[in-house]
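The same subunit A turns up in both complexes below, where it pairs with subunit B and then with subunit C.
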Partner chain A sequence: MSTPRADRFDRFSAALTVVVFAALLLPLVVVVVMSFNASNSVSWPPSGFSLQWYAEALDKARVREAALNTLRLGLTTALASTALGTITGFALVRYSFRGRNLTAALVVLPVLVPALLLGLGLVIVLTGLLHLRLSLLTLWVGHVTFTLPFTTLIVASRAVSLDRRLEDASRDLGAGWLRTMVQVVLPPLLPAVRAAFLFSFIISMNEVVLALFLAGTDQTLPGYMFGEFLRVVTPEIDAISTLMVVLAVAVLAIENVAARALLSRREQS
Partner chain B sequence: MHTDAQISHNPSSSARAQASTPARFSAERSTGAALALPATVWLIACVALPLAMMLVYSLFGSVRNELGGFTLEHIGGVIGSTVFQQLFLRTLLITVAVTAISLVLALPIAYHLSLRSRRAPLLLTLLLLPYLIGIIPRLLALRLILGAEGLLGSLVSAVGLSSEIVRPLLFTKAGTIIGLTYVQLPVMIILAYLAIERLDRRLLDAAADLGASSAYAFATVVVPNARAGLAAGAVLVGATTYGAYVEPALLGGASGQLAGNVIAQRFVVFFDWGRGSALAIASLFVIAVFGLAIVGIARLLGRSRVDSAR
Partner chain C sequence: MTDPSDILLVDVRKRFGTHEALRGLDLEVRPREFVAILGPTGCGKTTALRVIAGFEQPDSGSVLLAGQPVAALPPNQRPTSTVFQHYALFPNMSVFDNVAYGLRVRRVARDEIERRVQEALTLVRLAGYGPKRIQGLSGGEQQRVALARAIVTRPRMLLLDEPLSSIDQALRTAMQVELRQLQTELGITFLLVTHDQQEALSLADRLIVMRQGRVVQNGPGDEVYRRPHSRFVAGFLGEANLFDVSDLAPLNGDTTGADADGSVVIAGAHHERRTVTLCVRPEAIVVGPAAAGLPNRRQATLEDDVFRGQVRTLVLRTRTGRRIIATTLTTDGFSAQHGDDVEVGWRPTAAAVLEDDE
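And now, the complex of A and B:
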């Protein structure tokens, strides 16, 4: 583990890291700063401090409805995708079975097919074949599909380190399959399951391409912001996205508190 | 055929299960299949079927999005049209540019993060921040920074130049390239980091002991050993870029529109699923060729160097 003396290339890569990170993070700062802008144009520099764009955004029924849609979609997507991804990720790592290679190939497919083509293909299947009307439900189908590779891979990467002997011991001591799963297999997987839930929630909350083509008239916040970007740009978009970050952080915090409460209750019983 | 299945198993206990109780082993096989069934069915219905339907519509699409008789009109209309040829060429060139720029920037950064930095966990967490804030506000901020009336414009005029010289950066091909690179770069850095981080550090020590500079070790040890992971990152970034919709729509202007924008227009504005599907299938074909080319280049890179991992 000796660290050789930093030479010219080491210094170059360190400097490049600083510059690129600054460039990647600067726009995030700009978003938050602009949301408190007093002027109604998005030009630099902002003029004066004001909360008017927050008030204006929250005052619109369309924005409130879109916010509710985004939250409902994010939570239901995260629930379904995490449940499906957990059993799939575990099955892929733990068992060998016929069709395993097919499942493994299908799981990475939504990552390699661009979201746009996935969404338009789903439009054909959902409206052309099944005659469904585009709504939050059809978008949910798209988001579960889109997030499934991530939830599956997150759980699978953790399931690799499970100790199978614990399962064997549990079975030898007379526990049934389901009881072994819930009491022996699931607890060490829980951190990954939680990460999968939060990750899929945040992806769904910010996803825009599927939201544009699969939601019909049920708008989500990213869909609303896309329309505003093309129509007329005001700092309202910055205010909404700052609120979305606050919402995401709140969900992270609530999940954290809930998980702790559940874990301590289980340890007591 | 089942090699990767066995690698991911705990080999000793797996062998024990097979040897001692064959009945239990076959029960385990069906348990595995049962657990994987819901996702398999879901993905067949929601990924494989949509792609298959696009293929069907590109060959049988008729008026009013009905299915009719077999026709080569849609495929022929895509392949034979110079407009679409130019569109695909432009999209491919921009895809190559975005992938190459991302890779060139990500490689030294991933090298620094995985082998030379003590703050890698913090910096990797910072890379996830952009995902928390979503793509549209970030592109809006980019527009604000790069615009003639924005940060860059005021900087340029502060040093006495006309702010007009930054105008070509937005609502042009350059705007599309900048927006896409900005969105894809964190992905590429994370995947390059994961690829490089696996490197056996002793190889770097050996290279240094033998007198190699960091740059030489980077080019001959780090990059060749990480080539599989780097190729995976390049394929992922390239595929996403080729199918991009939002970045060109918001920052590309008229000249920076890509294949994705035209495909979406066919579906949503013209309700022409036949021609739209033909364009989508052709795009998937180009993406597949792009991916195979990247994998091929990674193989060549491995062959020309001594594989220092073995």
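And now, the complex of A and C:
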């Protein structure tokens, strides 16, 4: 039973929800709409419908190469960061070792310092100390460092709820460390591992500060877009942004379908 | 008798931070014995089990399984198998896969795995449960899956950590009977850890009572119950009437003395000691006319009378105010009103003389 007062509150919270979602989605909608603009103006309102900016963007070899770089970087970053983060996250929760608290603090450090500082520091270390040439590889190192806190924390938060006795039971039944990890520890961690993978992929895909510092002459899409912003702004930028949103959603969808397929196959066997 | 003991712990110590879990534990289990380690929470009994299984490394002392020192062996190379408290079944696997786990680890052939898993499931009366998921099972069923999983690898000894603690009372009695049958059928050593004295008494051939990281008494269940060595054991295994007797003097090979309520006759020669403490179990207290003629008699007032079906528990108080608990069979026909004066007594042979006063 709802009193008039509760009614008013319901209406208020509904209105608030609409405002919040509008604030979140409106810029996105504007960008998507503008990408189909027929004129070369980026200011509202659009005039006419056209796919010319998509055609123009995809026609440029630099854009295609940047897109490919972004994809490769995102996948390799996600793979490495998720693998490292899973091991680190589980280890921080399960094992007590000397310097555990220090390790936990150090792991989250990269999110606490500004990306600018991390980028600068990595440039000095990678080029000055290790004499590496700035390229996609150095950016990959930066992205793995930058995303490791996220993947570690995601997996650790799930690992807390693991039942340690299951690992004891596995060893008691004769299984070694590796088998216990793969068959007993990993399955309940999988949702977190998946989330960590997606999270690190999307962070890497959208990251621009480290990309400016560490990519050298290689370019990622955010890096390319940032460069374009500084020169001349056309709806081409909107088209590329829209493509990136589509790509991100596609990655989420593909991962989801793949995970379901994998899960149902495991249940059948 | 020349068989080496299956489990032998000598002066085992284990410390967690400032807490000394095991303070020189000595323990022996012979082949095919069913032994229960009994003790209150925190007495070190679970730590003892984990040391035997290999989950904890003792700080000092030696652990021998089947005559072999196992200090260097991890759990997966010991001849033990554990039934964990709350079972620790793998939630992402079916019943079959849970039971088959230990066999797959040992790379047993596929058709033999099939056969042995079915065999084990049949033994714990879960035939046909193979494809089921763990989440859908009742506590009793999970308990049996845990048992099947532990015995399918044919361990030499089975370690059970409070195996019945999360099962409701009605089912627990049935599972106790099944556990005993299983042990007889398998013919392997069972070492069970529990804080439930009833469970320990009804399951095990022999009891090891632990307190503060040490063994305080060790022997067959009825002996430990009837002849406790200490106040602790007397109180931990059920109700106990304790009488502190002094002024001891010899009497035809027996001993006489007195407590606050009067004279006491003690079976056996104990007069060299200054005082002794007697433990008389409630069912050894004789109430009413039957007490007449017993050497140890007290006048007491009936304070409470609790009917429990098979037995009734009587709470009595002597003239000096000490409480005596007695149980009588309800078929005995004893009847008295609250506040009635009744005579109580006990046979000298029914009293245990405690060896120490702790």
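Just so we're on the same page, the second predicted complex is superposed on the first by the 247 of 269 C-alpha atoms of A that agree within 3 Å, B and C clash if a C-alpha of one lies under 4 Å from a C-alpha of the other, contacts with A are read in each partner's own complex, and residues count from 1 in each chain.
Just so it is clear, a contact is a pair of C-beta atoms (placed from the backbone, for glycine too) under 8 Å apart; a residue touches a chain by one contact, two chains touch by 3 or more.
On a predicted model such as this, the values are computed, not experimentally measured, just so you know.
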(Q) Just checking: does A:Ala250 make contact with subunit B only, subunit C only, both, or neither of them? Give me first, second, both or neither. (A) neither
Q: Considering only touches as defined above, state whether A:Asp163 meets subunit B (first), subunit C (second), both or neither.
A: both
(Q) Tell me the contact category for A:Pro27 with respect to subunit B and subunit C: first, second, both or neither. (A) first
Q) Who does A:Val184 touch here: subunit B (first), subunit C (second), both, or neither? A) second
**Q.** More subunit A residues in contact [subunit B versus subunit C]
**A.** B
Q: Answer with first, second, both or neither: which of subunit B and subunit C does A:Leu263 touch in the superposed model?
A: neither
Q: Could you tell me if A:Arg98 is touching subunit B, subunit C, both of them or neither one (first, second, both, neither)?
A: first
Q. Both subunit B and subunit C contact which residues of subunit A?
A. 163, 165, 168
Q | Interfacial residue positions of subunit A with respect to subunit C in the complex | A | 163, 165-166, 168-176, 179, 183-184, 187-188
Q) Which of the residues in subunit A come into contact with subunit B in the complex? A) 1-4, 6-10, 12-14, 16-17, 20-21, 24-28, 30-31, 34, 42-45, 84-85, 87-88, 90-103, 106-107, 109-118, 120-125, 128-129, 141-142, 144-145, 148, 152, 160, 163-165, 168, 177, 202-203, 205-206, 208-209, 212-213, 222, 225-226, 229-230, 233, 237-238, 240-241, 244-245, 248-249
Q: Flag every residue of subunit B that touches subunit A in the complex, lowest number first.
A: 1-2, 5-6, 8-10, 13-14, 28-33, 35-36, 38-40, 42-51, 53-54, 57, 65, 105, 108-109, 111-113, 116-117, 123, 126-127, 129-145, 147, 149-151, 154, 182, 185-186, 201, 204-205, 208, 213-215, 218, 235-236, 239-240, 242-246, 249-250, 260, 263-264, 267-268, 273, 276-277, 280, 283-284, 287, 291
Q | subunit C residues touching subunit A - in the complex, by the definition given at the top | A | 53-55, 74-77, 80-82, 84-86, 88-92, 101-102, 105-106, 149-150, 153
